[in-house]
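Okay, so subunit A shows up in both of these, paired with subunit B first and subunit C after.
Now for the complex of A and B:
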């Protein structure tokens, strides 16, 4: 059986610059409105004010997220046309000849990874740059990151090296789809479901 | 270009993205703030005229090296993928290491969007002139030929030089191709061959520190490199934000992250914002009221002196003016730094933490803790950013911060530094530029004054250099690859009014790729090529302990009628009879070969031009390991004196002492020159904010990830990734009933901008930040819907350098 592939994300290094997202758009020639990789800013905390002085007790960090090529890909399960399928390497792809653009996958995916191309009427999604990988290159987002915060590879190897954490706010509970994603958490990372902060940039997602 | 790149954004249907499943979504999406050009009368510009390739049917497929040339302080390599004459993909450096030495020059988000900058609906396509009889800036244009455009410029240059002299010609500050070599200096080379032009000193980035630091050190000297912090016990980023302002994956962001990750040195960030440097690297974040840095320094100094943590031997050996025993002869008693700090000087105020606390907004115990850490960490690296000097009396702020390494003896040693900005080694690249024969200069910020009242401007009132006073006002402006004519200068509403009057400045030539806010005020508008359409030879900038050269090869033919700066200047030179002097008989490509040849004479082992085409980037590592500022002076101050009059660090500057007595100022609060780096309360400063009921909020303009200044400001991918917003603290928002993503107005007596609010705990209460560089776009009511910070800033210069105080502003904010 082929090794299943996943992404690694070092949250301690992410600056929210979105070079990953734009490199992906450039590689796949996407217009505004389609971003296979997006970056959420999560922030929270309080300020103490005492007269003229203030003391912050605040936090913020970023999460760069694409399709996680999940162990239980809900997009594949809900697709009414069987356009969505998972390969032996775990990569989830869309058969454009079958997709009718109903967007059920987009709605069902807790990461909203599949996205509609309004021009073609079909769904689109990350394939971890299959063409690049076939040529021995890293996926565009991974190669782009100025901070070297992204990685990819066989998920078993990534987990052996970096642990198994994927449950960081504002990401959903990994139990839903079992994402092939490993995160080295930011020092202020909040556990999924803790609700201690808020997504500061909802309009950018 | 391929069909897909002109694809319109999907407009049908509401996204069904299920982010509501994510925790913490407070509201729905927000529309992008439109900054596109709404100037329908301009032929050929606008979304309806989206760019297509000029080369059809060819089958070439290639990848060439190039570089991003904008003024971020980094310099990234780009790999341009070309198919059928069109750019189809923009990659970045594929060479180099993943380490501090010789890193891969991974382009940031802006460089990665380069294709949309080249193929942009705002691209200027043909030369144009302002329609005769219409007001400058009205947006009515006529397409003209290159021959006519250059003919007009030639005759106007001749006329203005004959009528007013060369000092009436001004080459405007601009940095859109600052990383360029031939392309960045073609126009100044041409103007110099014509007898020169009114010069400028300073820059919109560093006016105050560039002017002030030489009074202390004899010249502006950058601090140790970030890589040198591997030797430090404490790192303080004081208003310094390399992770956000120098985002290259081979520049200072990378150096800061990598050294922090590998060595985990304790790091403190002082900034009104929880910047990305704070978010990524800080063990402690200390928010400070903008413009009060000198007060915090004074309080730290008070603790260091009171608790005997100063390096007295260093101060005695290397410095002038620390204590009464080391004042220059003839200076009154009580004028030393120590007297100022302890309150035994003329003001009689001890600068203890309880004095600084209400000014800076920092509690006494935090100041004490910071002072103890700086006083005991040996060695300690303090690096200051340039935001705190871009203030009403920023000259004193930046000099003040440089006092801390002096007091603690951290200057000139590994792991320490001089408290200026992080340093770098430079690549000795041969340059295309030649010197301006005219030596009269104004501050880069004073050109609006020089248009309005040039002949009144003097040395002691306005900072004119090279002459006691200007003889003539500015009558002709050449503005190349820059947006300072409107967007990046202060008080855009006032500036555009000035420019509208063509009896003052009689001709404005703008050369650019895009229809910027500045381009709208041109009389003659020339379409320049992007760097994808020409060749050049590029040097690294603030890269730390690796310096490098990048070859820039032409990827595609010039779009439409665009011409390179070199070619247009060569054609103009021919019209003015100086072609041979300008070109020396070479084409742009031949000049590049010449510059590579000249460079190779001083850089052993550098690639041949042939090798450069293939390998792209040639790197040189710092032979000393990591850069230490003023090491020779520290090692032997007698043999290697500084360039100050005393040869030492002048904490008390006798030159400033004299200037304080001779330079003239109005009665504006804060307009003073002090011999010591004192804290000065200023107009529209933190203290005034407390009593200003109308405009109680300070607003600064941080550098933004989606733009470099205003460059890349019209790129749709970047507007999507980094929409323009104003940062405001949660409490200030609650007080005004504002929630995240509400559209708000930020305003003062100078103007009003409209943009969404980013309600966030990441900025201190009482302070707003409007990311600088958004394109000024006033609507019919005069509301700037582009959200340009400079709609709110002022022409009033800082006192010593006559520089731009663009982070000193008081405003109010309300829901739109």
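Now for the complex of A and C:
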């Protein structure tokens, strides 16, 4: 059996420059409105009392997310046409000859991975740059990251090396779709479901 | 107000109304048939039965506009084993097909009454399953808290029976008025016999009573759903904010006027000696108001699609 692939992301290195998003858009020549890889800025804060002084205690960190090629992909489950399917290597792709563009996968995915191409009427999504990988290159987003915060590879290797964390705000509970994603958390990373902060750039996601 | 989900709003409301109307007609057939005889009941219920067809077909056509590539529409039945959307299309077509078959055998009076009754029961069962399947499309999305709630099936079934019964009431009176006008045009005086009058008035009484009861159910579901979402916070809390403002109020007021005020009027005014014209106006306005209210309600339902995650 082929090894299942996944992404790795290091929150402690990301500066929120969005070179990954732009590299992805450029490589796939996306129209305005389609963005397979997006960078969420999660921010929040409280007041902290230190003796007689009350000081602000704030945080902000970035999370770069594309499709996580989940172990239990909800998009594949709900797709009425079987256009959405998972390959031997765990990569979830859309058969453009089958997709009806009903957007049910878009409603279902908690990572906003499937996105509609209005020109074709079909859904589109990240395939981890299958063409680049076939030529032995890294996916465009991984190659573009100036701080080397992104990685990809067989998920078992990534998990052995970096742990299994994927439950960090603003990401959903990983139990729902079991994403093939490993995160090295920022020092202020908030656990999923804590709701202590907010997404500061919702318009970019 | 959500307008880009218009195809889904029209499809879900019309399909549920069709199922509800079919079931309510079945109840009228069974209950009234025992009292007034099958023949005279058929005369009243048949026009309403034939009116369901166009409504359902209109809904199914509307649903096609939800597809961004209509040429791939036939693919939507490929994933029956896993996708509730595939199941919805299959049950929708099955209900339409069986309903059409029943309408045909009823028109030509083919087969024994017993056989036709069995076909009607099967059609009703498939219809109710369709409403259940429709609700599961939304209920099973655990990533959308406003939909992943008991309120989704509860609301869908309430819409089904509320709109279904009021549509039947409006259709009964509409058919009667149409016959009266046709008779007047050809210079005859239209006469409704006493048995039909008694039957119609008791049907309308029942519909009025049912509508008030269902309004009560709906007015319990709505606040419980909203308070549940607000209490959960996060994405759920954000989706609860959709259920406020002018459109939400308009929806409540419309449904209350139709299924509350006018349904009570209908219940009290529907007597064998009542003015046919007045009854027709009450029954039709109640239906139109509730239809408008439920369409707005469904639009808000699609607006409440706030996903967890990012």
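Throughout what follows, the second predicted complex is superposed on the first by the 196 of 205 C-alpha atoms of A that agree within 3 Å, B and C clash if a C-alpha of one lies under 4 Å from a C-alpha of the other, contacts with A are read in each partner's own complex, and residues count from 1 in each chain.
Heads up, the rule we're going with is that a contact is a pair of C-beta atoms (placed from the backbone, for glycine too) under 8 Å apart; a residue touches a chain by one contact, two chains touch by 3 or more.
The shown structure was predicted, so the numbers you read here are calculated from the model rather than taken from an experiment.
A.B. asks: If you stack the two complexes on chain A, which partner ends up touching A:199: first (subunit B), second (subunit C), both, or neither?
C.D. replies: Both partners, subunit B and subunit C.
A.B. asks: Of subunit B and subunit C, which one contacts the greater number of residues in subunit A?
C.D. replies: More residues of subunit A are touched by B.
A.B. asks: Going by the contact rule set out at the top, does A:191 touch subunit B (first), subunit C (second), both, or neither?
C.D. replies: After superposition on chain A, A:191 lies in contact with neither partner.
A.B. asks: Touching A:171 in the superposition: subunit B (first), subunit C (second), both, neither?
C.D. replies: both
A.B. asks: When the two structures are overlaid on chain A, which partner does A:109 contact: first (subunit B), second (subunit C), both, or neither?
C.D. replies: Both subunit B and subunit C are touched by A:109.
A.B. asks: If we overlay the two complexes on their shared chain A, which of subunit B and subunit C does A:51 touch? Say first, second, both or neither.
C.D. replies: In the superposition, A:51 contacts subunit B only.
A.B. asks: Going by the contact rule set out at the top, does A:78 touch subunit B (first), subunit C (second), both, or neither?
C.D. replies: Second partner only, subunit C.
A.B. asks: Given the touch rule stated above, what does A:40 touch, subunit B (first), subunit C (second), both, or neither?
C.D. replies: After superposition on chain A, A:40 lies in contact with both partners, subunit B and subunit C.
A.B. asks: Examine A:100 and indicate which partner it touches, taking first as subunit B and second as subunit C; both and neither are also allowed.
C.D. replies: second
A.B. asks: Who does A:18 touch here: subunit B (first), subunit C (second), both, or neither?
C.D. replies: first
A.B. asks: For subunit A, which residues belong to both interfaces, subunit B and subunit C?
C.D. replies: 40, 103, 107-110, 112, 116, 118, 170-172, 193, 195, 199, 205
A.B. asks: Which residues, counting only subunit A, touch subunit B once they are in their complex?
C.D. replies: 12-19, 21-23, 25-27, 29, 31-35, 40, 42-47, 49-56, 58, 60-62, 103, 106-110, 112, 115-119, 143-148, 169-172, 192-195, 197-205
A.B. asks: Applying the document's contact rule, which stretches of subunit C touch subunit A when the two form their complex?
C.D. replies: So the residues of subunit C in touch with subunit A come to 66-69, 72-73, 75-79, 82-86, 89, 137, 140-144, 233-234, 305, 307-310.
A.B. asks: In their shared complex, at which residues does subunit A touch subunit C?
C.D. replies: 38, 40, 63, 65, 74, 76-83, 97-104, 107-112, 116, 118, 120-122, 170-173, 176, 193, 195, 199, 205
A.B. asks: Residues of subunit B touching subunit A in their complex?
C.D. replies: Its residues touching subunit A are 2, 4-5, 7-13, 15-19, 21-32, 88-92, 98, 106-109, 112-113, 115, 243-244, 247-250, 253-254, 257, 261, 274, 276, 279-280, 285, 287, 357-358, 361-363, 366, 690, 705, 716-723, 729-731, 740-741, 756, 758, 760-762, 764-765.
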